[in-house]
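Pasting the structures here.
Two complexes follow with subunit A in common, the first pairing it with subunit B and the second with subunit C.
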Partner chain A sequence: MNSGSIKHLIKPLAIRLSEQTTLAKSLVMVGHPFDRRDFLKVLGWGGAAVALSGCGNGSVEDGKETVVSYVETNDYMIPSISVYFNSTCAQCDAGCSITGRIREGRVLKLEGNPDSAINRGKTCGLGQAGVQHHYNPDRVRAPLLRTGNSGEAITWEKAYALIAEKMNGVSGEEVAFLSGGVSGHLKVLLGNYLDSFGCKNHFVYEAVGPAVLRAANKKSYGVEMPRFNINKAKVVLSFGADFLGAWVSPVHFSQQYAQFRKGVDGQRGVLIQVESKMTLTGANADRWLVVRPGTEGILALGIINALGAHGVTLSGDIAAAVKGYDKERVSKDTGVSAEQIDKIVALLKERTPSLVLVGSAAEGYAHGSQNAAAINLLNQVLGNVGKTVEAAAVVPFPQMAPLTGNTAALKTLNDGLAAGKYKVLFSYAANPVFTAPGAMKFPDNMAKAGFKVVFAHYMDETAMQADLVLPLDSALEDWGTQVPEYMAEGAQINIQQPLMEKLHAETRGMGDILLALIKLRRAEDYKKYDDYYAYLRAAMLQNKNALGGGADDDTFWTETLSKGIIKVAGTKQILSGKVSAAGLSLPTPAAIDAQYPLQLIPSVNASLRDGRHTNQPWLQESPDPLTTIVWDSWVEIHPKKAAELGIVEGDIVEVTGKNGSLKAQAYLFPGIHPDAISIPLGRGHEALGRYAKGYGVNPFQILDTVFDKETGELALHETRVKVSKTGSRVIVVKDEGPVGGKQMGKKIAVRVASDKVKLSEEV
Partner chain B sequence: MHRFLRLSVLLLGLFAAASYAADAPPPALTTEDDLGPAIEQPIEFPHFRHAGDADKGGMEINCMYCHTYARRSMVSGIPPIQKCIGCHQSIESVRETPRIKKLFEYWDAKKAIPWKKVHDLPDYVRFSHERHIKRFIFQLNRPVQEVCGYCHGNVKEMKVARRSKLLSMGWCVSCHEKEHPVTAEGGTPIGDQAYWYGMHKPLVDASGIIKAKGPNDCSVCHK
Partner chain C sequence: MSVSNLLENWSDFRHTHPVDDVPHNPYKWAMSIDLDACSGCNACSVACYAENNLPVVGKEKYAHGHSMHWMRIERYWDEDISTEGGRDFPDQGAQFLPMMCQQCEAAPCETVCPVGATNHTPDGINSQIYNRCIGSRYCEANCPYKVRYFNWYDYPTTDNVWPAEMNQQLNPDVSVRGKGVMEKCTFCIQRVTVAKNNAKNEGRLVHDGDVQTACQQACPTSAISFGNLVDPKSKVHRQWQAQQVELNKDAQTKDKAENNEEGGGSKEEGGSLRGYRIFEELRPYPSVMYLERVRESAV
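Presenting the complex of A and B:
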C-alpha cells in the first residue's frame, strides 16, 4: 500500500540525518518511531542548519578522488564533451529510433532520432526510462544455475556445456522456445537455431498485443497491420484504441494527432472515443462516450444501420447484417443514447474521410473478433479504406519481418507443458509466470519441463522458476536489427548498437548466445563469425545493394551505424477493397451476474504496459495520466457504484472473481462504466527487483480464462468480479488535488454535459 | 509529552552540530597561497622534467601538449597513456627506469592509471578551463605557464603536482574583482564581449588601456 512509497521517501533521509548528528542517530537507533510529520519538520530545520554550516573552505578534498584517464582514445572523445550515437529503443515494439548522449563513455540521456519516420525525433516517457533499464541495480550479472532454492553463479562455458548435455538425445519436438516479439537478424538466427535440431515449437507471446486486431484486419483489409492516417482524417471514431497512450505506435500517432488537430483543409479534426474505461486518448477526445463493456460491435453495427437510414448506400449483405440493429435496440444494449448515435452519424456523414479504430477494449471479449470485424466494417461503409486506412510499406526481406506475439501461443505452450510434452524449455523476452492468468497454472506446468533456461535481464518471476538463468546485455549494450510491425511511411530497418561499453563483464547479447548455441549444432556453417556483430555485419554487407549502399563495404557500414536507420524501397501491400458482412454475429449483452456483478477491465498503462519495465523507478514515479496515482495499484470505480457500495476514496477493497481475489485501494473515477471496475496492469510483482517487488497488485492473476472464439486469444476483459470493503482505509498517494476542485473561484474550464455540445457546429 | 521532548532534543542536537560546523570562517577575499597535502600517485610524474626550464634540465613542453583538453572543454583532462607512450617508445635512454617501466606495464596491460585528483572542486562549482584559457592565453597572449599557474602554481618546478592555491570561492572572487585588460598589449581586441565580463562598461585608465572585471554572477559558476 502507500506505506511502501513513504518508506521509500524516508529511508534515505533518515540516513542523511543520522550522519549529521550523533544525538539524532542515537534517538533513531533507540527506536522511538517519530511521527512522520514531526520528522519532516525537524528535517527542514536540519536543512537550514546544514546550509549555515556548509559554506566553509573545507569542502575540497585533495587527493581523495581518483581521476582515471583513458588508455587510448579517439580524437572525438574529449572529457566533458558529449558524443551522440543512434540506436533503436527497445522499451516496446514500436521501433522508435533514438539518439543517445554519451559523455566520458557513459550514456546519460536518450532522445528521439529526427530521421525516423516513426517517431521524428521524439520519445515517450517509457523510452526515456531506457537508461534505467541499462543502469538498473537489479540486473542479473552472471549465469546462474539452480541448486535447491538458490542460484549459483557459473561460467558461460559451463552454461553452454550444460545446455548441450541437457539437449543430448532430446528430439526437436521435446523442446519449446518461448519468446516475445522478434524481428530482424535475431529472428533469422533464432529460426536457424531451432531448425538445427528440428524444433517447430516456437511460441511467440505478447501479453497485451493487438492480436485480435491483426486477425480482424487480415480479414477486413487483407493485411494484419495497415497504416492508419489519423492526420488525414477529419473525424476519428475510436473504439477504445488508446493511440496516444499504449496502442501500437503511440509516439507516431501522437504526432499524427497533432496534425489532425491542426486540421485538414482548415477543419480541425474531431475525436470521438467510445470505451468503457477512459484512457488517455479518451480524456483528449471531443466527445467521450461510455459504452457497456463488450457492446462496441453492436454500437458499430447500429451506426452503420443509422448511416443507411441517412442515405449512405449499403451493399446487400451489409444491409442484411445490420438490419436488426435499430437505434432503440442498440441504445438499450450499449447504453449510448439514440441522440448520441444520431450526432455521431451526422458528423461521420458530414466529414469525410474519417477513420474508425479498433482498440484493445473492443478486442478483449469472447466475441472480440466479431467486435473488431463489425467496427472495421464501418471503415468500409464510410469509404475510408484506401484513404485513411492505407497499405503499409513492407521491408523486402520477409525473413526479417516481425514475428508478432499473441496469447493463443501461450495457451498452446501451457497445454503442452501440462501434458508433459517438453523436456527443455527456453524463455526469452517474456514473463509468463507474471502475465499468464493464475487459472492457467503456468508455474506448475512450467515445472513439468525437465530443464528450463531463461534469458533474462532481471530475476523476474519466470527466471525465478528456471534451472538456468542466462544474463543478457541491456538494450544499450547490444547489437541488433529491428523491423517494426507498424511501418510509418516508407519501409525501414532499425539498427541497434551499443551506446557504451558493457557495465557487467558476464552479460551477453541474445545474438551472441544464439550464435554460441548454434555453433554447438552447426559449427561448420557459423565458424566464420566470431560474434553476433560479425554475423550482423556480414549479413548486411551481403545485401548491401538491396539496402541502398553503393559505396564500399566500410563506408556503407559506417554510414549505416551512424544513421541508425536503413530506409529501403519497400514493397507495397494491396488492401482488399471488398468486404463481406457474412458470418457477422454479435451476442446480445449478457444479463448481470448476481454473484459477480462487475466487469473487470485490466487497463494498460502507457508506461508500465505488461509489467516488464516496472523495475524502472521513473515509471513507478511518473503519475498515471488520469488518476495521478504513483507507486501503487488502485481499483477504479464509478462514484455512483461506490456510493451504492459505501466505498470512498482510499478504502481498501477486495476484488473477488472466480479465480481468486486481490486487495487494493479504491479510486473513485467518473470515467468508467458503473458496472465495471478497472485495475491497471504491470504492478504486483513478486520478483523482478527492488522497485517492483511488493508494489501494488497483479490483476493478471485473477483473470478468467475466457478465449476469443475465432482466434483463441485470451479475452482480457471477460472477467467478472464483485467488490467488497475490507474496513481499512489509506490515503491515496497521488499528484492531483481534490477531485472536482474549485478552480480557485475562477471559471477556467467550464463543464458542459456532453449531450449539450454540438461538435459539428463548434469545431 | 514524550513527543515534545523527543522533538526538542532532536532540534537541540541539530543546532549544536550546525553551530559547531558554522565556526569555520565565512569565505574571505584572499589571494594567499595555501599548500595542499602531498599526494601519493601511482607513478611519481616529474613535471619539472617535462615542463621545466631548459637551463634547469627541463624540456619546456607546453602544458597543453599533454593536457590537451584544457582549451577544448570544461576539464583539462589527464592525458591518455597513449600520449605518454607516443614519445617514450622512442626514448631509449630512460626506458629501463622504474617509473617508465611501470608506465609500460600499464600500457601493456591496457589498464588505466588510477591517478589521484590534486585539484578538486566541489560538485556544485562549474569551472571551465576552456573559458579561462581562451581569455588569457588566446586573447591576452599571456604565456601558457603563467596562465595555468594562476590556479595551479608553479607546476614546472614540481615533481608530483601539489595544490598551492586555496581554490576557495573567496579566492576565485579575488581575481574576478580585479580589472583585467580587455585588449592584449598590442594584441587582439576583444570588442563588445568585454561588457559581458563585468556586466558594466569597461574602464579606460590613464594609459588608454581598457579594463574590465571578470564575471561575478552567481550563475556563472553555480549552474
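Presenting the complex of A and C:
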C-alpha cells in the first residue's frame, strides 16, 4: 500500500467510458417545488451558523431560548409544514433507504424511500425506532476519560492528544481495531488510517451475521451473497432462514414474499420451513417442519436422494454423496416423517422453479458448513441456480464494498488480547463484552490491552471497560456512504445525511473522528478537508462521471443528496455452475447427553438482534411476534417437555450448561423441538441505558465455545443445557390473552385452504 | 340521558350507517387487510407509536394491562395444538391478525358514552374528542374488539415516557393525551385531514393513494390497504366489491355460503371469497375487511 495516497479519490477514475454514458442516461432529474439546492446547503453544512429553528434543548419556557422572528425565512421554511430528506437507515446493515419527516427543524418520523430497490418505501419496526436512537436520553454526550473507577468528561483536543500520546512508539502490530460491518467511504478512511501506521489488525465482528452462509455460498455458487428471488419461486424450502424477521435483508424479502404469495403465473407460492425453533418466517409457512437440532443437512440430502428415486437425474458425485440417505434413515435421524418427505419431493418436482435457503438455524453447528453445503446442493439439483439464485450486481468500486463481520474475527482478537499482543485497542459498532460467550473471558482479555478506546452512542458494556469513550453522532446526524451487502436489483450506493442539527454539541461523526485521527499521521494529505463532509463531497465529486453526474458539481451533489441513492451500473458477478459434492459428509446426530439433555437455541429477534438497540423503548414494548412477551427474556419450552419436568408458564427456571447458568421465566411454546429450549438474544444488559439495563438475561454469556470446523465461526446452537425449577413463579408480561392464543371457536383470524380460493381473480 | 328518552328516540342515537338521508359523501374511509400477506412482523405497530405519540408504559404497567398499542398483532394457534388428542406442533404456522379500531358504522362504543365524546364523523370515522372525554370507560367495556386504551396515568409527566430529547420526536399534528381520557386508532386522521385540505385547495377530491395511514406506509408486505370506500377507483372499494363485502349488511355472500354449506347446501356461490369482517354477527358494521389467510393444501 502506497503510504499517503488517498486511494479512493484516484481509483474510481479508471471506470470505463461506456459505463459513464449509460450512467448519465439513467440519471433521473428530480423536480421539487422549492429550490432544493438552497435547502440542502442549509441543512448540510452551515454547521452552527445556520439555525433550523426549534433545535436545541433549551426551551422558551425556561428562558434558555429566545424567540427571534425570521426577517427573511428560507423559502422552504413554513411553520407547520413538513419537509422531507432522504437518507439511509443505520439500524441494521440491510441498507434500506429512508425519508425523514422534518418539521421546525426536528426529525419526527422515518418512512421508507420508494425509489430504493431494497425496501421500496417500506420499513420494519427496527427501522421505525431509528428516531429513538437519535433522541435517546442515554446517549454519551462528551468524551470520557477513565481515572480509576470514575469517568471524567474531557475535551476533544485532550482526547486526540491522549490518543496521539498513547500511540506514540507503538507499532502497527500492537494496535487492534475492532469494528462491526463497514462500507463506503468510512471503510476507505478507516483502512487508510490503519495503513498510516502499518496496522493490519482490523477485526470485523458481527455477533449474529450469516458468516457460515457466506463461506458456503462462495463454495456452492462462487459468490458470497447471490440474489435470492423469492418472488420468482413457486416453492420456497427454507432451512431456518428467517427472511421475514432478521435474515440478511428482511424488508426486501418481505416484499418479495408478498409477491410470492400472490403467485407466479397465478400459482400461489408455497413456503416450507424446516427448523427446530419456530421463527417468524416459520410461523408464516404452509408447512412448518420441526427437525431434530442439527439434522437440517441430513434432511436436505434425504430430499435429494428421494428426488433421485423419483426420476430426477443426479450426477455421479451427488448420487454417491446422498447414497446412504434413504427415507427411513433420514426420517429416523431428523424426526420428519417419510410421508412428509414424499410430499415435499412431489411438490418440488411439480412446481418449478423453487428456491432453497440456508438460515442461521442450519449454520449454527460444528458441522454448520457441511449443513449449508448440503442444503445449497439442493438448489443445484433442482436447477434453481441461475433462476431463483442469481448473481447480484456489484458496485464497481471494490474499495467501498462492504467488509462483513463474523465471529471468527472475534476469536482471533480475543486470542491476541489474551496473549498480550495489543497495547492499544479501538472498538467501533460492536459490543463484544456483551456478545462474546462468557467462556471466552473477553472482558479479562480486553483489560490486558494498555489503552482501550471505544467509539460509542451509549455507555454499553464495552464502553464501561474503556479508558477513553468517544461519543458518536447519531445516524440521523451524520454523513456517510453505504454499500449494502445484499444488492436487490441494480447496484446502489446509499447516502447518509443529517436529518437535523446535532442534539449534543460534543458528539462527533465517526468519519470526522477518523479524519482527525488520520490528520495526526498524515496531515499533509488530508489538510484540504475541514471535516468528513468536505472529504465525502470531494470524493464523490472526484468520482462524479462514474456516478452518473454529467452536470456541474453543485447540481450533481444536490441531486445525489436529494435522492439519497446513487444507482450505478454494477458489474455482474458470475455464478459458478456445477459444484462437486465429493467430500460432503455429515455427522450422525449425537446421542442425547445425560447431564445436559437439551439443546439451547439462542434466537434472534427481528427488533433486538444482538442487543445494540435494546435501549429503544418502542422495541422493548413491541411484543415478540411469536410469544407476545415484552420487556423481558423467557425460556421457550415445548408443552410436552414442560409437563415432563413439571414446569408451567411463568415458572422461573434455571438453565445450566457447562459454561454457567441463568434464570428466566418459562414460556410454553408449541413451536419448538421437545429436546431444545430457546432464549432470545438482545436482552440482559448490565449497562446501555435506562430501557435496557436490568431487563432479562443474556444467553451469550452461557454459550459453549464450539466452532464450525471449516470456517471457525462460533456455533451458536451447539450449547447443551439442563433446565430445573427454582420454585418461584411470575406472571409473564405479554400481550396474548389468558387462553394462550386460542380463538375459542370465534371467527377472528381465519384460514382457508389454497384449493378453495382464486387469488388470480382478486384485486 | 334517560333510558326512556334513549328508547323513544333510538334512531337518533344509533344509526345503521349509511342512513338514507345522510349517505357517505364524498368520503367513507375504510381498510382491508390481507392476512395471507401479513407476516406478523410488528412494523405497523411501531410505526403507529411513532406517528401517534403513543406512550411506552413500561413493564409494570404493561403487566397491569395498560399497554397503549392502538395497533397490535394478535397471534393465534390452531385450536387443537397442544391439547389432549390434538397436534403437538403448529405445523401450519401461526395465525397473525393486526387489530385496531374497526371504525364501526354502528359503533357499540358510541351509544354508551355519557358525554358524547366518541362520535361518528361524516366520512365514517369513529372519532374521539379528548377534551370532552370524562373517562367513564364505558366505551372500552362495550368495545367487542378491545381496541380502546385508557390513560390511567399522565404519561407526558411520567418518568421516562418522554424524557428530555425524546419529547422532541412527538408529532405536533397529534394531541398528546393526558390522564383520564380514552384513546384509540383514528385511521391517522391527521394525515386524512391534510390530504382532504390539499385536495380541497386544488378543487378536487382526495385521490386513491393521496393518503396512507402510518401502519399501511410501513407494512413491508403491503398487507394493508386504506382509502375511500365510496370512490369506485380506490383499491379498497375494488377489494370490498370483489369480495362481495358490503358495509351495511350483517351477513356477506361468503358468510351465507358457509352457512349454506354447514346446513348441507352447496358452497357454489361465494365459495372462493376470502373477505370477512370480524364479529359481523354483533352488527357493529366494521369498516375493516380482512382477507383470510391461505394455506397450501398439497403439502
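Of note:
One rule holds for everything that comes next: the second predicted complex is superposed on the first by the 665 of 763 C-alpha atoms of A that agree within 3 Å, B and C clash if a C-alpha of one lies under 4 Å from a C-alpha of the other, contacts with A are read in each partner's own complex, and residues count from 1 in each chain.
Basically, a contact is a pair of C-beta atoms (placed from the backbone, for glycine too) under 8 Å apart; a residue touches a chain by one contact, two chains touch by 3 or more.
Given the structure is predicted, the values throughout are model-derived calculations rather than measurements.
By the touch criterion defined above, A:S80 lies against subunit B and subunit C together after alignment on the C-alpha atoms of chain A. Legend: residue contacts after superposition of the two complexes on their common chain; A:T412 is shown touching neither subunit B nor subunit C. Annotation for subunit A, partner touching more residues between subunit B and subunit C: C. Once chain A of one complex is fitted onto chain A of the other, the partner contacts of A:Y695 are limited to subunit C, with no touch recorded for subunit B. Of the two partner chains, neither subunit B nor subunit C is touched by A:N543. Legend: residue contacts after superposition of the two complexes on their common chain; A:T352 is shown touching neither subunit B nor subunit C. Shared-chain residue A:E621: touches subunit C; no touch with subunit B.
Of the two partner chains, neither subunit B nor subunit C is touched by A:S315. Overlap of the subunit B and subunit C interfaces on subunit A comprises residues 57, 80. The part of subunit C that touches subunit A in the complex is made up of residues 35-37, 39-43, 45-47, 49-51, 56-59, 62-63, 67, 69, 72-77, 79, 81-82, 88-97, 160, 163-166, 168-172, 214, 217-223, 235, 238-239, 241-243, 271-274, 276, 278-279, 290-299.
The touching residues of subunit A, when paired with subunit C in their complex, are 57, 80, 103-104, 106-112, 119, 121-129, 131-132, 135-137, 244-245, 250-251, 254-255, 257-258, 261-262, 268, 270, 272-273, 278, 280-290, 343-344, 346-347, 503, 606-607, 617-623, 625-626, 628, 630-632, 638-640, 668, 670-671, 674, 690-691, 695, 731, 733, 735-736, 740-743, 745-759, 761-763.
Interface residues of subunit A facing subunit B in the complex, by the touch rule stated above, are 20-24, 27, 32, 34-35, 38, 41-42, 45-46, 49-50, 52-73, 78-81. Residue ranges of subunit B in contact with subunit A, taken from their complex: 2-3, 6-7, 9-22, 24-27, 36-37, 39-40, 69, 72-75, 77-82, 106-107, 110-122, 163, 166-168, 170.
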